[in-house]
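Next come two complexes built around subunit A: one with subunit B, the other with subunit C.
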Partner chain A sequence: MSKFGRGTGFAITALVAGMSVAGMSWAGVTDKDILNDQMTTDDVVSNGLGPKGQRFSPLKRVNTDTVKDLRPVWSFSFGGEKQRGQESQPMVKDGVMYVTGSYSRVFAIDVKTGDELWQYDARLPDGIMPCCDVINRGVALFGDLVIFGSLDAKLIALNAKTGKVVWKKKVADYKAGYSLTAAPLLVNGKVITGVSGGEFGVVGKVEAYDAKTGKLVWSRPTVEGHMGYIWKDGKKTENGISGGAPGKTWPGDLWKTGGAAPWLGGTYDPDVNLLFFGTGNPAPWNSHLRPGDNLFSSSRLAISPDTGKIVWHFQTTPNDGWDYDGVNEVVSFDYKANGKTIKAAGTADRNGFFYVLNRENGEFIRGFPFVDEITWAKGLDKNGRPIYSEAHRPGNPAASADGKKGKSIRAVPSFLGGKNWMPVSYSKDSGLFYVPSNEWAMDIWNEPVSYKKGAAYLGAGFTIKSLNEDYIGVLRAIDPKTGEEKWRYKNYAPLWGGVLSTAGNLVFMGNPEGYLMAFDAKSGEMKYKFNTGSGIVGSPITWEMDGEQYISVVSGWGGAVPLWGGEVAKRIKHLNQGGSVWTFKLPES
Partner chain B sequence: MAKRITGSLLSAMVLASSLLCSSVAGAAEQADPLQSPMWDYTRQIFLGQMPWQFDARVKVSAPPFAEDPTQVPITVDASALDGEIDKVIAWADLNPIQHIFTWFPGDKVKPRVSLRIKVQQATPVRAAVLTRDGVWHVGGVQLEAAGGGCTAPSTGNADPYWESHLGEIASRRFGSAQSSRYRFKVVHPMDTGLVNNIPEFFLEQLELRDSAGKAVVKMQLYPPVSENPVFTFDLKGNVGQHQLWLRDNSGNEFEQTL
Partner chain C sequence: MKRCKRHLALATLCLAAAGQVDARYYDEVIDSGYIRIGTYRDFPPYSFEQDNLPAGVDIEVGKRIATALGVKLQVHWIIPDENLGDDLRNHVWKGHYLDKDPDTPLARKTLADVMMRVPYDRDYAYMRESTGELTNEQVVLFGPYQRESWRIAYDSQKIDEVSTVAVFQYHPIGTEVDSLPAFYLTSAFAGRLRKNTHHFPSMPAAFSAMKQGNVDAVMGMRAEVDWQLHQNSDSRYKIGENGFPMMGKQKWDLGMAVKQSYRQLGYAVEEVVDKMVRSGEMEKIYQNYGLTYEKPGLYQVVE
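Moving on to the complex of A and B:
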């Protein structure tokens, strides 16, 4: 063919490309879409399938009867040699899936075919310091923007159609140990993010940015004593010191490097118009260096999205000495008691206790262990504060003969927690929480430590031990009204992925062995499993397209367990890495 | 047998009609002086269906041999067309990423720019100048090279220097009565995305702005521009302060008063 012919071909290709983009009829994601996400079945536009984070879908075409026929439709590889932990929850809007991969990568995929539409790879500096693998937990969508946090602590907004950078903001200094791994939260046009870095003595903070422009709106430090700021008409204004003043619950200067990183992001409940963010461990781990409650570490914070002020807080582990981050997701749910509707919030803490709080004011309603053994506390008092077992707090190195190593003790759960980052699901139908948990212990001891910018700031040594020969992971169905465990599924390797429940009386979750599994939500009977080829540490989603129900999950083994796993390592060292999205549906009838 | 004859007749007819088409294109009759196997392809990409001609007034200069294929100094000079220019596109036919830059010179700058580029192998380096009458004027030069410039990791990959100095700009202004020359260097790895495990990361937009904030130079850049690129522009006249603004594909913006 001549040059002319080739030119025509080129023009046709361009035309077809233009048409197919137009064919996707991009409407843009609105605040309303996000607030209604738990009701709308044709999209997934929020992390947690609705800002309350219930991870429950009203879809029931796939149910306990039909799930046995579930088949993969396509699998999409993240490619490259960057196959590390994949903890992302995909989003779906107007026929396009937006999903993140390890090393701060974002992919847009045509959900009909599994074809890639675009890919964004952040160019990361070598000096990034994520503590617990180079993971990312997903994007936020708003208008025509796809927004995510990168490992070098930046918020990046991409054009949803092209993947090109629209705006980019530095949230914090990666050289001081900050990074971003959580999915940002989108509330009323603001993109809200925490920070990671509690192992490096950072100062935790929650920040709100204008989603359209990336302009900072407010910044709320999560360590007592630090000033918050709000920007009004472009002017930075003091917005009150977190906790009122420094030094109330911290000795000396330690609040200046106090940690309390809200690294898992947050949830939002429009009924009470509050953001709920959990905060990580106080820094350093050695609790003898910081007598006091060390607010607001290992806590749940309710923050006003409008003012950036802390409305209430609930601290699960005051003066934490075990790395029991209190970051775990706060799931809003209502229940009836004595004819009254209780606006409650449920949260399963790394310290092994499940808490039910009044989400309007943070009052403690009840708490109970959700793991089989807890040594560090004898229980909770009437306000939900732990009753410590002092014999199970790692000893003070200053009290040892050479001052170099405190008494080593056995603590349960281990620092990786009764539950770690992996989100629970709450089913409105069964009224149960489905909690992915782990049974493990640790030996832990304290060492002297001093702060140095960008260096690990722990002051502790530790090793993890499993409690049972045949399992570590336990998926539990728990009644939040009684604390009763309705059923459990035991898994050999530790569970590290999120849970999804549906009106089809099903509970979905993946395991490190690679299986996407579906359980009967009432009995716990396993109804389906499919091996995705690498460990699942991400959170499944479901949505509906052309009258059919789809289920997607990211596969790719990694996360904190293989990096910190101690004796547990032998149970997981044979697991191979990966990086892909799997999408399933029922065969057409 | 009869069928086959019909078939070949048909294909001959198609061939004839397509030859006819290309002669209708007119200017396409000019043979490529650089005899590049990519000329037809790159011309379709960059010039499309618009009229064009090879034109000696568009001068592209490069050293006879690329000593360092990651840092090849080139100059595009279209001074002879000054006053008529809408935009200038430069590319290297045999690079895996051909496009080097698209430049909108405007009327306050001489249509002459020098910069450094990467080449993957010996290649024609071309510049096409679109004049206001809607015609592309194409010049070019053959650059000899040992190759490998686009798929070698940037030196920034081995040395974390760029991480703390990204976007730093060093500049000099050389003045004379009629003009002033700006030369500046920007710290940036300019990664092509062709090296394993290093995503593309390059300066995408460049503007030189006058004191009122109006762009006097506008340029779109692509990964073949060298790491830590050096640019030279000649401004008409020798007055006023200028500001350099750059943005990379990661959304980083850099700004400096020169």
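Moving on to the complex of A and C:
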């Protein structure tokens, strides 16, 4: 695509853009493009700017000196009445941006002009009941396909040029409570996806599909006791029971409805050829009903992309009683210790601990709190297993048998986590992790005055409280080798968007107040901020085109935070909804 | 029509609703000639479809309400969310956030004028948030019409009798996943029944597992269990004589809900339902479905 002047009228530009996309020689996205994504600065073809999920770019035209001049080039509205949480990370390839909006929508945008090339609206069925807002976290690109997961638990592959459906595959039954919100992961021609699901007795699974055809290649349940399958020449073949056998770490038949949904998707490291997926909390929510570790809930799993077998697992919260999903992203990184290169993986858990693992075998290297207060555990033992503080475990329902409100327990962090879904960034330059975290507690109790579908029920009553008057959100720069916090930025509202670091010594992040902000990666000094008009809960990206560096971020307040009431609600009630992509660059010199 | 289909499974009734949305004032309901009654979908014996027609005790009560008000019944099917608070928000006062139609973006959301099978419980109705606000200030819960409780049915060829739940230390029992019986069976008596508790997506699924010999008994709501026994009418399956020690909620009353600004409609409906309870008409409806009927606590005290 050649460069067109910006003075051209809208209709002409749109037409030309449309023609030029149709007429250009389409290279298509290859496995190699995806693996090299971090170093190829003219595109963004993977979630996390490279499958390792480091969210680091070697671009430095925009840096601590120049960022003050950053200004918007265009803003694109998702339109319609459908303005809810926008948690997407855009992708850019050959002058076209592919980005998802709430309610399972996909947009293709000409990055030069901000003109829409096409829009795809998934037709959602009647009676779909997703648990936590109607968000979507982005697409995967492969060949000439744009692939994403819809709220009714389907994988949909669109033609990148036209937005027309090429294939559509049901991953799970939405009627049984399944959904898809994560960006799919593309590895060696396979689309790898997890599933989302509430408390309806779902069983989590990770699945690989042939990206070209949508045919299922393997399926790996994430709860102990369920059979995995692999398809060989179209034939469904047994591929080993997850965890070897049922009932080893679950009582009764609870493994059949164990939860552990890997709803946030995963990352991939080609060095060790492993997929890393985190799993959600076990069901039912009350841990006293299921004594045992309840594998593989609230865990990180390393899975072979070729065979679909679990190579190692690391459980962050065994017998989880706080809804500390273990879904948070695993970021591969190397560091030197005693002259040796350590192939490590870093992950900041909902439970408030940051873990550094050996990514070859899952061994625990070290762990440390990344939030100011943790009550549910006194610390981690030498294997990284939490040392529980039983006084801070939500109560046994048998204890509220008298029909009175159960004892209230204060647990820190709250179930929304020291860090929730919003991805961290790891800078190769500074060697630091930039972790968007939140300081909040929850009071939780058994609530006997509770009903479900016309029946008496025993729900959990809870309220989320801020630990500090003046802030909940904290962006932290953390040294994974020592656990030392190098700097912090405090934010009034809870942080819910992803982070990007660059070789320009910058860290980019958005906040619910609407600002896209840039910080000095070493000192934490804020160098830039711009209000996008609605809260940012998406993840920024950067790429270069025609010798200029661009930054893009999606704006649109929503996600899980506004769904919960209590004291936190007061801080965010005034925030307005939206739905748009903003793109920035430096003025031409 | 498309929008209509979204929440009203009954396409025939849908025609009348085109262009009319949101819960409504009493006068609007009477003038329109129909009342939209909210009932849970696929929830026998309370509300379900039989031969493509709505059936069940809640539908029967809804028909009588409509007749007494001189309007037609329109069924608003409710897909249950995780708890009652969600259902009240989605179907009585605010509407569901997915209830949107790109073709008519300005249309209001579809709500039930009256929702059935809403527990009538003062503690619930006047529950407060940690901030002191009333949790359910947007709705009025009124008109109790039935008292519900728990029941066990068992296979008499597997178990001689169920005089206490202690037998389930030795016999497998089925129940609906994520329900109070599921909590009870996996937590009471220091978890001694936990090993024998089998979880199913619904009571009908648990009952058919019993018929296939996979479990020896089932536990659920009394009417749900009665309905299964009535449908199967096989003397092999019997009602347990047991009580439920350690069970927090032994009995609870069911009534209706309207949005708090539509109290006048609530009063009119309450009058109709109250007469049905007092005259014995309510009991007949339950008997026709083979169900035990127990009057709500309010009426038991009066007697």
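As a convention for this text, the second predicted complex is superposed on the first by the 542 of 589 C-alpha atoms of A that agree within 3 Å, B and C clash if a C-alpha of one lies under 4 Å from a C-alpha of the other, contacts with A are read in each partner's own complex, and residues count from 1 in each chain.
Just so it is clear, a contact is a pair of C-beta atoms (placed from the backbone, for glycine too) under 8 Å apart; a residue touches a chain by one contact, two chains touch by 3 or more.
These figures come from a predicted structure and were not determined experimentally.
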**Prompt:** Counting only touches as set out at the top, which of subunit B and subunit C does A:387 meet: first, second, both, neither?
**Reply:** neither
**Request:** Mind working out whether A:122 is in touch with subunit B, subunit C, both or neither, as first, second, both or neither?
**Result:** first
**Prompt:** Touching A:166 in the superposition: subunit B (first), subunit C (second), both, neither?
**Reply:** first
**Request:** Name the contact category of A:455: first (subunit B only), second (subunit C only), both, or neither.
**Result:** second
**Item:** Between subunit B and subunit C, more extensive residue contact with subunit A
**Value:** C
**Asked** A:245 contacts which: subunit B (first), subunit C (second), both, neither?
**Response** neither
**Message:** Looking at A:80, would you say it contacts subunit B, subunit C, both, or neither? Reply first, second, both or neither.
**Reply:** both
**Request:** Using the touch definition from the top, say if A:156 reaches subunit B (first), subunit C (second), both or neither.
**Result:** first
**Request:** Overlap the subunit B and subunit C contact sets on subunit A and report the shared residues.
**Result:** 80-82, 121, 126-127
**Request:** Quick one: which bits of subunit B touch subunit A in the complex? Just the residue numbers, please.
**Result:** 18-19, 21-22, 24-25, 28, 40-41, 43-45, 48-49, 160, 163, 189, 191, 193, 196-201, 249-252
**Message:** Quick check on the complex: what are the subunit C residues that touch subunit A?
**Reply:** 5-7, 9, 40-41, 43, 46, 79-84, 87, 97-98, 100, 102, 105, 117-119, 121, 123-124, 127, 129-131, 148, 177-180, 182-183, 186-188, 190-191, 194-199, 201, 221, 246-249, 252, 254
**Complete:** The residues of subunit A that touch subunit C in their complex are 80-82, 84, 103, 121, 124, 126-131, 134, 176, 198-201, 251-254, 256-257, 283-284, 286, 288-291, 396-398, 400-403, 443, 448-459, 463, 565-567
**Request:** Spell out the part of subunit A that touches subunit B in their complex, as residue ranges.
**Result:** 1-7, 10-11, 80-82, 105, 121-123, 125-127, 156, 164-168
